[in-house]
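Same chain, two partners: subunit A is paired with subunit B first, then with subunit C.
This part shows the complex of A and B:
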């Protein structure tokens, strides 16, 4: 059963049909807002964005500028598996993998670019990451910039840990070390 | 040289005085029109609990948005001046002038003060003292239709042409009401010279009430304001252009040509405000202020310097003008838009009969009082 809302459309009475009285009442409402806001600008709802920030609403809080987590030894937690690049619907991630010279089984990203001008902030890369290496929790909102180049996030600008975040030795790192130790190449 | 000066002294002085008055008065009007483009956005913002534009800054000083008109002008000048390939080039170029020039010419007959004595020379504070000023106003404001219609027609765009048709129909209809609402004032003051009409409003009614036009003709004032806003193509009668949804007559215009149309709208706001102040709210009259100073109804008097009186009168006129400009902005941002049939119905079925009725009643009362 569809719920039907009955609107009480009364026919206009004489005063309302003359308009002028109702126009006057409408003007009083807008004039009240005008004068209240003129003498007390604090009442306005405008957020003067770059200078003034408010807590983000809902899921927007969960998806802000990207970062790559860092291990205790300063290396990126990312193993260049290309999962995020594959999952990205906007094709904005570009990874070039490289190998550690001392470690023949583990890769790292030599290049990790995120083109924010294409990014749709969907968070698929975060969900796809098997290493929990990429995150979108910096609470920074990419703002307006003057060149397209400034919207290109490189590996250097992505690598960071949040203050107080425990740096861990990643699972991949530990497994690789175990594997190498077992082969006696440590 | 001196001979020439002595022979044509009156004419030369008159020319110089007129030039100065044109520069000062039109400069003030233009400045106010520029500020109105900002005020429109600021007033609407404050009415809607927002702040409005406040970012344009010079040397880091924004003054809460005071430089936005300047920034708009620079932006408009730098835009591409586009002319459609099939447009009538000459008329397309002329249309913005037709929109702007008649409106600017109208300020010539509006008195913005009584007179000032400068080195013994009496300087009347209005540019052209026409005996039939009111008819000059009505005639020239009728010319503004040409700007609308030529703009729509010359751009050879069907939507622009439709907008122009709407505009022409609306302006011609409301022109009639606008003229008829003022007939009552003509009958009361017995003069079509705006300066005479303002002087007549300096009298007192019953010994204490200023004899402003709105006291004699409150009903005509409401009709005049409605018709004037419609003539001005402002919300709630802005379906000529309907800048947000409907496409108007200047849709093919860009750059400064577009700016000329927009600017003429803001100048028209000032014009209508000045006319409302002049005809219905005493023009430059300050209640109980006479040439020698304040004389209150009780008999108390405060003699004032001639220049102070003149400054007070010009100031009063400015305040009244700014108030009506503000009122028109508030009306615009309060009321929704009429439909076109409602617009025409309001004009021909409501305002026109009421205006005629107003003339009839005014005539009957004047006859009963034996003033005719």
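This part shows the complex of A and C:
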């Protein structure tokens, strides 16, 4: 059953029916806010995004701008397995694989582009990654740019570690660890 | 002809057939790693274990001959448990480096694990035996011993098919690994078949290495145009790029594919691919190039000639025949190519390097034309002053052209094909981009299907011929490759 609420609207009086007076009254409210905010901007609730941002609560479930994690020697953790590109429902990831001559991991991304103008921030790439190489924990909300080109994240702009990384403990990739160990001994 | 039952279904197997083959006849799939229909039976992977009534142990289906009255079960609990356990053994030391393995997506270990096992590993990563990782062996292959399940398909292929015996299983038991024999190198003409044969990621192709993931690839059945053998192949491509060619095994012609045939796709994407016409040495748009070619033909209308090509499809040869008969109205045309045909190396490579000598012969039988000697003589005598042909076919009349200095107008796909004598070159779409019919050395008609789209402005040869005819004042009314065959009476 749909519940019905009866509203008793007051009949309009003469001034209200003339309309002009009420419009003027409404404009006065707008003007008051304008001048108050102009001379006392501290009271405004609007944030000047993207120049200003409200700090985000640290939340594990938060999905923000992507990043690619970096190993201790500066190489990307990503091995260009194309799992994220396969899982991506928005087709926004483009990878081109290349081969290391010396590193036992063999494979790395020569190109890793994320087109943020297509990205739907679903986090499937993070879920799909078998190497824990891609993350969406930079706490930056992308967008607010002047050109479409600025929304294309390249490998260089994606590679970054958060404080405390790279953490060697818990790294699962045997080949990468072997390689790093060998380099450390040299 | 023994009669037996497999999973309760009766089947009459051929004499000498194994249980695996009998099951295949019924449509019952038995998993296998070491078994291959064209290689000897090895029976080492134990993946094909089945239960036979009144035997004490499970038997390998690939090496047990079907016998009268056998009752075989491939779906009993015992068999399922055996498959799980065999997979566990095979996966004990597997490095699980699927993210960097090119086989991922078409890997026997991945597929069978999902189908028959789904069991958690009981062996920690740190306890696994490590072996040598990637190692380039030969010009086409990479070997990763850690991924190997020692099915020995590669060893048997090299000793039985190519008979070069480069590979061997070294050491014994748990220490075994595949390696090259001393003093050998893996450079036979069929080495890339090993990458196909390998059920896991131990052997992978150097050419295809890290180019694309296999699950992105689309498959188009087509035919190899590397020689007159005309092997059936499958072109694997994605987003208008061909990535690799693999054989389509068939009873008539081929199970394998030679390395040279596998590389034929490279010409399609090569940097010297023609998208424009060439006059002498300068690139020029297709339309002005066509106009120039048509002008040169019109200058010598009576002395123009058309030479077909054994590298072109029947349709395109027919279009050339109609250009000669209807547009040029000349009798100076020739589709007479004879070449010694037959398998050169005992496996696949043909003595005749052109794919359609027999097909050009069909056009000759239907349309007639001069013999190649007569054609050359007329060029040398300067009775023919302009020759229109395909770039590689120009080699047949090279000496005559040199002697007389007749103008040569060729159709070419790549710049490297253009003969130095050519005056004008017109681009056409390769047979990875346009359909065509070819006749192989056995007389079998083979259809090339387009896998990718040609670059903008590059048209199939019949369409270029059609335009050329229009520029010289006659319409052939060709709207498709099949139109070219109209009015030609094939016997």
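Following the convention adopted for this analysis, the second predicted complex is superposed on the first by the 102 of 186 C-alpha atoms of A that agree within 3 Å, B and C clash if a C-alpha of one lies under 4 Å from a C-alpha of the other, contacts with A are read in each partner's own complex, and residues count from 1 in each chain.
Just so we're on the same page, contacts are C-beta pairs under 8 Å (C-beta built on N, C-alpha and C of every residue); 3 or more make two chains touch, one makes a residue touch a chain.
Here the structure is a predicted model, which is why all the values come from computation and not from measurement.
Peer 1: Using the superposition on chain A described above, determine whether A:131 touches subunit B (first), subunit C (second), both, or neither.
Peer 2: A:131 contacts subunit C only, not subunit B.
Peer 1: Quick check on the superposed pair: does A:82 touch subunit B, subunit C, both, or neither? Answer first, second, both or neither.
Peer 2: A:82 sits against subunit C, while subunit B stays out of touch.
Peer 1: Which of the two partners, first being subunit B and second being subunit C, lies in contact with A:49: first, second, both, or neither?
Peer 2: Touch partners of A:49: none, neither subunit B nor subunit C.
Peer 1: For A:98, decide between first (touching subunit B), second (touching subunit C), both and neither.
Peer 2: Touch status of A:98: second partner only.
Peer 1: Can A:21 be said to touch subunit B (first), subunit C (second), both, or neither?
Peer 2: neither
Peer 1: Show which residues of subunit A both subunit B and subunit C reach, each in its own complex.
Peer 2: The answer is that subunit A has no such residue.
Peer 1: Which of the residues in subunit B come into contact with subunit A in the complex?
Peer 2: Residues in contact with subunit A: 43, 45-51, 222, 330-331, 333-335.
Peer 1: For the complex, which residues does subunit C have touching subunit A?
Peer 2: 95, 97-100, 104, 125, 133-134, 209-211, 213, 215-216
Peer 1: How about subunit A: which of its residues touch subunit C in the complex?
Peer 2: Touch list, subunit A to subunit C: 79-83, 86, 97-99, 104-107, 130-131, 172, 174-175.
Peer 1: Mind pulling up the subunit A residues that touch subunit B in the complex?
Peer 2: It comes out as residues 20, 23, 26-27, 29-31, 33-34, 37-38, 41, 43-46, 48.
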